[in-house]
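We call the chains A, B, C and D, going by the order they appear; numbering starts again at 1 in every chain.
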């Protein structure tokens, strides 16, 4: 199949290579011309504008977006419509968009006769290259046309048609919420080991737990890798950034009335890790001083 | 009543002055002779050894301990027994002892015919002086003899006989658990104000909330005082120390199978505030880097 | 001052009586004509339509809305504009609106030359009648004209001009977030008492804690009242409903990057209390059965 | 090697079969004679008393205990000592004992010249049979003699000598704490799916996530199995029992000052799941009624 591909960053680039390996013809576009040049080296056609993209792709078009979630998607959809996106075309959003944005965009494109398919993609950068996990929502006819594509770029059984529009991104969002919780669980465990009276070898423990234990998992394998590179993680700081999907999972859970304390605390501890000191802590320290005369630590 | 008083720190000293105001005769002892001298200036008798304490107090003795919870209590009880503590005497533990230690000590002293009364004391340093809140457990006969004393040193309705030995300290423990939660609640609220787009005057907001709102409380009054002294708490760091009772409340709740998520998180955030960086954070940051290539912050 | 008042429910009715006591003239409207009749009995003028409201009020108009937060506010503002709301008028939203809705409505009315004042109101139904706590945001000139009104219906020091439009509702929102945390803290403490080996009298403990303790507070007084009416709360179920402000506080904290674990857990436990059984629990129970052969409880 | 084996329950029985497959000679004992008979059918020698166990085993003895953690271990150690346990013998505790109990028992047996080895065992019932994950602490000489045994009954790389006495059980404890967090994370995610507007097939989603996603894990495989058996888990209730190790992890974390919010909440939600209604909820509901006149749900 001929596929237009917009966004050749870490994930997008690898997905294109993955598609090429499966004999698809890819027309790649990125605002960064160096990435376009690079993808041509992999065997794709490279273009430098939406006009060129549209003049190169046959009708009906299939265009895969792999760009940062948020307003940029809306802007690109506007540009695609301006460039000639029209009835019968299919646009795939392979990024981490909020499922409610996806529903809105689905309706927008539907008004133009264009199918909008949401593809949540997991497996990290290496998965994008060697076999991803794809969670795909959208109208069944549109997704049906892409079935082979999704199956081929995914690991075996790593592709699922999840249902109506938005359900793919919803599934990916929840996946990431679980991921937050699992990562925080693992990390807390290792901090208990680290503060324990025993001289643990963290890499050895992670390897052990990856072999036969109940908690064996890809995340534990990554933990093993991380400790292999830096036995006590002395080279990095414990700043836990987040890119939004954990927050969306919690917000969605609140909207649905689902109690998700572990996902909530995983997210909240990430925010806490970005602070060196907290106003909350100052208030509590001041209060202890007020009623109990407990000493406070003076700020420098 | 003549009362021996062991421990003349912040809380103990003020309680003795409170007792003296209510016409009790106090024989005060502390290992710090300066505090003994000072309490004599308030009208108490001062002694510098348990022997002197015992030769000064009439039989049967009433001895109030106001010393740090923990093994020191056991040591002092041993010293009191060695000095002549005997059948008919009453020992009051006015500190924040664990109720299970209290039960153990109650049984120990019972074997000597000595009554052991546990008195949880709240209200802070000023309450000790001007009217405390006392939660008293022990055998009803022993507590009955001290009823007037507890009532006089407490604010009106601020004394309760809570039941059998240990129940006073249990009540105080739970009181402190609630206190942790209330303090953290207030503090989180002010951090939301602080990070908001509005230029709030925290002292003014605390004063407002103390007048007519649902959350008016002594802790909110102390919050108001704290902001009056330092409008943005710039002079102090947010280190939230703890002296054990919140932890005991959580441990007890776990033993009783009671879900106490708010008390748990209040305590856990205190521990977190004592760390500049966390191993948990390092592990999560390393994992994000492993699977997503997300940048980590390098340690200096 | 002559004040139009829209919404004569529990809170609104009492606020009108409070206004009347302070010699203000109130023109009251409610879609329920029985409430209009009732408020006339208190000395207010009663009207049964916005047209009547506008023909009765002098220019410039001051109209106080005390109606449920949400789309109803927007509808009523449309109706007021249709009825003749115009430049120089002031509309007060005394309800629990989301501060971002308030900002939107402030801009809308500003386009019509109308001032929009947000008044967060605390103190419950009795406070509305006898002295509320009012947190008021809006343009200083508009609020300045109402200063005396807010001061009079509030308890002493119970009124604060919090700053620009939205800040009053923001303050009330955070107030409620703190309230959630304090309530959950108190409640967890009493559950620890309830599961303890001691035979506590909860009303007596609440009264004790209201006298001299660190946690004395209006909420603890209400706790005392509640136990006075039903010593073990045997008559009610532990369903903890919520009306939105705790959720907004958490959502706002997430947006601002403020870690509020205690407010989060207070909210989450409310949602949990509305479920008799959970899918989360089923999954965990099934997993324990899968790996450990642990018995599950069969559903009936 | 000849190994005495005490405790032939689910885990113990399978471990014996595993040992037999690796050509070890096992002398099995259980207080339930039927299990002794059964294990004889597998090729082990069966005995019905500690005396018989001791008369059958050669010197120095190696005795593996696979019995419920707690006081029973102490009782059995006393019985083994009474039966002739003596210098040079090795006792392995393969159960989920608290590491501090293990340290105490290690010291006790050391006084008799007996080595005490703690072996945390993971992988569930199937792992015990086909390849476990073993985390082993104790004196290096003692563990060294058993190295081959532990390696053979474990999956490849699934055995680790973790360090001094207690470290094996400590590692297993933390493993289980992580397990609690991972399970709760997965379960919360599925509850978000279940309450979502999309008609998800949970088994299909779990299978998907096991193939290529970041959260692929043995626990997710078990989730897939569970949904395969009961697509919506309608047959079971969400009672989440616990056997102690999550609680120990949290208690240990509290003692070490490690903030473990996710492990804490995982445990607390388990306790919550055992309650049909909560006193906490009653108190909060009563308070809402007190200040806001909010309706409560009456108990039947």
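The rule we apply is simple: a contact is a pair of C-beta atoms (placed from the backbone, for glycine too) under 8 Å apart; a residue touches a chain by one contact, two chains touch by 3 or more.
A quick map from chain label to UniProt name: A, B, C, D = Decarboxylating 6-phosphogluconate dehydrogenase.
Keep in mind that this is a model prediction, so the values were computed, not measured.
Engineer: Would you kindly say which chain has the C-alpha centre located farthest from the C-alpha centre of chain C?
Structural biologist: D
Engineer: With contacts counted as defined, which of the two, A-D or B-D, has more C-beta pairs across the interface?
Structural biologist: Most C-beta pairs in contact, of the two: A-D.
Engineer: Nearest whole angstrom, what separates the Cα centre of chain C from the Cα centre of chain D?
Structural biologist: About 48 Å, centre to centre.
Engineer: If you average the Cα atoms of chain A and of chain D to get two centres, how far apart are those centres in Å?
Structural biologist: 34
Engineer: How many angstrom lie between the centres of chain B and chain D, each centre taken as the mean Cα position?
Structural biologist: Those two chain centres are 38 Å apart.
Engineer: Would you please write down the residue numbers of chain C that are in contact with two or more other chains?
Structural biologist: Within chain C, the residues that touch at least two other chains are 124, 184, 186, 188, 191, 195, 214, 218-219, 257-261, 265, 268-269, 272, 278, 280, 291.
Engineer: Would you tell me which residues of chain B are touching chain D in their complex?
Structural biologist: The contact residues of chain B facing chain D are 214, 247, 250-251, 254, 257-261, 264-265, 267-269, 271-272, 274-275, 278, 280, 291.
Engineer: Under the touch definition given earlier, write down the residues of chain A that touch chain B in their complex.
Structural biologist: Contact set of chain A toward chain B: 10, 124-125, 183-184, 186-188, 190-191, 194-195, 218-219, 222-223, 225-226, 230, 233-241, 243, 261, 265, 269-270, 272-273, 276-294, 296-299.
Engineer: Going by the contact rule at the top, pick out the chain C residues touching chain B in the complex.
Structural biologist: 122-124, 127, 131-133, 135, 137, 154-160, 162-164, 166-167, 170-171, 174-175, 177-182, 184-186, 188-189, 191-193, 195-196, 198-200, 204-205, 207-220, 249, 252-253, 256-263, 265-266, 268-269
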